[in-house]
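Before anything else, here is the set of structures, which you'll find just below.
Two complexes, one shared chain (chain A), two partners (chain B, chain C).
And then the complex of A and B:
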């Protein structure tokens, strides 16, 4: 109940926005191929629902694979960077380079090199999503209080033990911060890849729809992408609450009177 | 038990300039003795503790435990920091057993001993709480239990009550004495508080800053068990005044 109450303003804002949108488009008589009403988007989506669902599943696959890849690569990479100054100095500039390259520019090259299949799309998704996760994880690993490190050293913990039993658990809240960003960016990455080379997916749906001025269907894909981003973000938050209840601030109970 | 022999320690600052933290420290702590170290900020008190813990090496001289040179952290010592430094992800019981688990020194009765220890510290019923659910005083009690569970022969305490409010601080001092009396390990206790040092210690080591040197060692001849009632006694006042004179007298002399 308390949660529902907390979410109420958000729901009112979203519903209000859609009502204003619907009313505004009708009132000003804006033509459908420029800005369709929410009801037109809904009608267009329902009319071809199985096809939309196929595209959604295709995109979701790319998003999840790309997200998984960024998790699998980022965490070990972050540990490597945090473990040594020299490695950090060597790897960090390279990472920044990968971030400076526009992924839209990279996508066609990858597709030529790797073929028009899932792999280049997953790689593009990964490239878009992994960087903030690495940065957040490194920040977490480095943020461990020096006294905690000293406690570990006083207990004669080696570097590996220190990393696995002190730094890594301490970094969990930071890692989840990065995971949330990465989840949202995975959706962006997948669509970027689909724009360049795909025969399915919501990015592909947007392109083909707009080629035929079927604007409502393109909007439908955009809305589904937004929902996908929100759901993934929430899934990460829920996973955090269940797996690491001490990490999220949600479960604070009042401290007892001393 | 532990002996500092002509210890000096020089740090290299961030700007490359050498900072002399300790000079010519000679001190011996006997088995079961409670020694407090007082001095103004920057007199190298904490550095001395870290030397004893084997966390930093001395620039000159040697730290000896039972005659053996301390080069790395040893099983005989355990440390309590100013902040409780508990693991935020582990409950109270797992925090207390963490060092032993880390060192692979757990025994079948480790958990039972931890529970018993928590009980003597008044923490029964809090075993499965997370650190953030505890007050500052309780967190520090957990940290002390964590150190005691290692059954150290030398307990190193770096301003352990420095972050607590005055009332909790007094309560904790008495409690610490109770825990110590039951075990009789040697304690090296760094503090800013002169009354705290006199109340707790057999001997109070007074240090002066820049570079850190020992200027006096005050023997406290108050009967045990100690209590705050003794604060009014002549012996308490004598010790406190002598320590204060060293610390403030030096400051006054420097200001003149």
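And then the complex of A and C:
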């Protein structure tokens, strides 16, 4: 009940947004191909829901694979960067390079090189999502209070022990902060990839719907993408609450003694 | 889906790798754009086994414009492609990309400008002082000076507005643009949308000014043509029978098309396919033979491509074409 009450303002805001949208479009007589009403979007989606579901599952697959890839690469990479100044100096510029290249420009090149299949889409999703996760994880690993590190060293903790038992627990709230950003960005990455190389997926649905003037269906895909982003974000939050209950309320409770 | 795509890509590569004809060659055909009714002949043909009876298991994948299809076929991502002949010629002339047109599909180009009836524009002359939408690199813009010259329009008195392709039609219908470049093939469903908004789209085709150039072709690499002419021959036989059947059975072709491409509505597909076939089965095609080219029109096409894209006109354009394997 308490949780329901806490979530109430969010629900009111979302429902209010849709009501204002519906009323605004009707009141100002905005034509459907510019901005369809939520009811028109709903009707268009329900009429072809098996197709929309297929496209959704296809995008979800890319998002999850890309997200998984960014987690699998980012955490070890962050540990590597945090472990040594030399490695950090060598890797960071390269990471910034990957972030400076617009993924929309990179995606077609990857597809020519790797073929029109899932792999280039996952790579683009990964490239969009992994950077904030690396930065957040490194920040977390470096944020450990120096006294704790010194205490660890005084107790003859090795580098591995120091990393696993002191630095990592301290980094958990930062890592989850990065994971939340990465989860939302994965959705963006998957759609960018689908715009330039896919026969299915919500990005593809947006393109075809716009081409065929089925604007409500394009908006439907956009709304589903938004929902997908919210769900993934919440899933990460829930995982954090379950796995590291002390982390999610970091401001009220401190991490366990290392 | 994913696995099928990977498998199709791998097999297309394998088909390229100089193997003698096999019982069932798996081949990937890359289209020039998203599958609209324009492509119903390929999808219905594949569904009915038009290529299977010639020993080819054909997969189809969407394209991202002719230039991209040419690059992907050249890179071996797909064995065959659907692309505008101008893209094939330009790629070969500019970068020596070893690709050729192997079958002419559209005997004249569907390049046109769409205008609203309510704008009062009825001819190309009426465009002077108006705003035409365009996307960067769009061939309509490149060909327009010649069309304007033929129509007696002053191209300098036209304002071009750069915009995004997906926004173009909406900008036209909401009257933020006076004209928008489109292939006449797409008039049917776009006009349907315009009518819902209380407008009507009329078409100003470039070809009406006598600007008759070749357009969409089927294409492949030199390597495929030289090392596996039998595969190309069988592929073209399948394509010929797919187009012939789809032309005679347009409704059924569209039914098969929308089964595979659920984003397309049946009615829109039929509107597009009807228009498409008027570019394929023409008097010109009957004279040259289906899929073949008339040397005079081919020369004129190259002149226009070379002039509009600033390529040396003396380059021998005939090396970008090989229709000798047609049935």
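We take it that the second predicted complex is superposed on the first by the 249 of 258 C-alpha atoms of A that agree within 3 Å, B and C clash if a C-alpha of one lies under 4 Å from a C-alpha of the other, contacts with A are read in each partner's own complex, and residues count from 1 in each chain.
Methods note: contacts are C-beta pairs under 8 Å (C-beta built on N, C-alpha and C of every residue); 3 or more make two chains touch, one makes a residue touch a chain.
Because the structure is predicted, anything quoted here is derived from the model rather than measured.
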First, second, both or neither for A:247, with chain B first and chain C second: first
Which of chain B and chain C A:159 touches, first, second, both or neither: neither
Chain B versus chain C as contact partner of A:31, first or second or both or neither: second
Touching partner for A:212 - first (chain B), second (chain C), both, neither: second
Contacts of A:148 with chain B and chain C, given as first, second, both or neither: first
Partner with the higher number of touched chain A residues, chain C or chain B: C
Complex contact set, residues of chain A against chain C: 31-34, 48, 51, 58, 61, 108, 111-113, 115-119, 196-200, 204-205, 207-215
Complex contact set, residues of chain A against chain B: 145, 147-148, 150-157, 161, 165-166, 169-170, 172, 244, 246-247, 252-253, 255-258
Contact set on chain C toward chain A in their complex: 1-2, 5-6, 9-10, 30, 34, 36, 61-62, 64, 68, 71-72, 75, 77-78, 166, 169-170, 173-174, 189-190, 192-193, 196-197, 262-265, 268
Touch list for chain B against partner chain A, complex: 50, 53-55, 72-73, 77-79, 81-83, 85, 87-89, 98-99, 102-103, 130, 132-138, 168
